[in-house]
Amino acid sequence: MPSQSVHSLITQTPEEGFALAVMLAQKGVTVTQPSEEVRKVLRPAYSTNPDSLINVSQVIAVHFQTVAAANNYWRQWTPYYQ
Amino acid sequence: MPSQSVHSLITQTPEEGFALAVMLAQKGVTVTQPSEEVRKVLRPAYSTNPDSLINVSQVIAVHFQTVAAANNYWRQWTPYYQ
Amino acid sequence: MPSQSVHSLITQTPEEGFALAVMLAQKGVTVTQPSEEVRKVLRPAYSTNPDSLINVSQVIAVHFQTVAAANNYWRQWTPYYQ
Amino acid sequence: MPSQSVHSLITQTPEEGFALAVMLAQKGVTVTQPSEEVRKVLRPAYSTNPDSLINVSQVIAVHFQTVAAANNYWRQWTPYYQ
Amino acid sequence: MPSQSVHSLITQTPEEGFALAVMLAQKGVTVTQPSEEVRKVLRPAYSTNPDSLINVSQVIAVHFQTVAAANNYWRQWTPYYQ
Amino acid sequence: MPSQSVHSLITQTPEEGFALAVMLAQKGVTVTQPSEEVRKVLRPAYSTNPDSLINVSQVIAVHFQTVAAANNYWRQWTPYYQ
């Protein structure tokens, strides 16, 4: 699987925004290690290493911050600048 | 337990916002390691490792920044753009 | 000692804001390792490890960024949106 | 290959913005280790180390945050300040 | 030396702002390890470890971001909201 | 070489802004380890260690975020608040 394209940062819900952040974090790995075969070999190592999991969660958190800002935090009211 | 859904970033209080940040940090781990069984095995390792605990606190801090911004820092006054 | 509650991000001074950031960083550890007994055992390890201390300082820095923004950086003048 | 120049942070799409973030992350490595020969030697090590890959993804995430903000998150509507 | 107090985030110049960021990074260490004696023992270890130095530089960078925002990036012109 | 002074965060181009971010990252190291002699000894170690290089790139990324914001992302149009 090649790295997914990011078409828009706008999502309908925070839940979809979180999924986008996860995708962006994976994309950052995929561009550096494009071989799916190699990534498959590495997966058991980091997915059972608590520190790796925490670091993945950190990358997701930074992307989620970006996505949340892009969506004006999915606030219910219309901001004045729309 | 599957990863919790995030329905909204808006909370009534900073304390609830912090709890949401904790949930988001856990969610970032859960999406990468969906097996509750594996996560249960890893827990004693990271919950007694000071550096892991500090790194978890770092992830929570980034998410709390997002949640706090979403809630306009729970300021008492009504911002002009509401 | 259970983790302290965060009632407000607003503080009178930068110094108090920094203390709040420190409390938030500790809170992020406490929610993951609620046992005060365990945390007491871990303390000598990280408080004498320079890299752990630097990482704690990093978590505080992220929270201080949030608290400083919440307080409009404690600027002396009244911002237009109050 | 010397480090690429960054001419503008403005891109047409989020996908191009992500590519720019990747380039900026590489540029940060290139300025510190300008020798292409040395970097080529190091590549197999970090591209097969899951923790290195996650850390690269983290650097990309920070740059993507900057690029996304520069592009007003590629929102479809024209912001009032243009 | 007890940890220095932070009285204001406002500085006259970027250079003074950077010095403040350095002080805040040190303060984050001092609150966790208040003993000057212990910190003096640790200093040779981290000040000759390149990875520790890079991590210190990272903490300073986060604080400098906060201080720079507080000072409106020391731009020459008067912002409209003053 | 003592650490360089930062006179302004404003630069003419993104490329110059990136160079400033690199200088700020180095400055964060220099204030902690002022001895040029020691830093020269450490250089071969971190400049051939991929993880150190990635971490340096991370510090540059945070500073570039600050510099880019200071320059309003070098957008071509004049923002309303000038």
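Things to note:
By written order: A, B, C, D, E and F. Residues from 1 in each chain.
What we mean here is this: a contact is a pair of C-beta atoms (placed from the backbone, for glycine too) under 8 Å apart; a residue touches a chain by one contact, two chains touch by 3 or more.
What you are looking at is a predicted structure, and each value in this text was computed from that prediction instead of being measured.
In terms of the stated touch criterion, chain B and chain C have no partners in common. Least step count on the touch graph, chain C to chain F: 2.
Chain centres were defined as the mean of their Cα atoms; on that basis the chain farthest from chain D turns out to be C.
Counting the residue numbers that touch the partner chain, chain A and chain D have less than half of them in common. Comparing the centres of all chains, each the average of its CA atoms, the largest separation from chain E belongs to A. Note on chain E versus chain F: their Cα superposition corresponds to a rotation of 60 degrees, in steps of 5.
With each centre defined as the average position of its C-alpha atoms, the distance from chain C to chain E rounds to 15 Å. Averaging C-alpha coordinates per chain places the centre of chain B 30 Å away from that of chain F. Inter-chain centre distance (chain A to chain F, centres taken as mean C-alpha positions): 26 Å. With touch defined as above, residues shared between interfaces to two or more other chains in chain C number as follows: 46, 49, 51, 55-56, 58, 62, 65, 69, 80-81.
Chain contacts here close into one cycle, and each chain has exactly two touching partners. Traversing the ring of touching chains from chain B and stepping first to chain C, the chains occur in the order B, C, E, F, D, A. Partner chain D is touched in their complex by these residues of chain A: 5-10, 24-29, 31-33, 38, 42-43, 45-46, 49, 51-52, 55-56, 58-59, 62-63, 65-66, 69-70, 81-82.
Listed in rising order, the residues of chain B touching chain C in the complex are 13-15, 18, 22, 46-48, 50-51, 53-58, 60-62, 64-65, 68-69, 73-77, 79-81.
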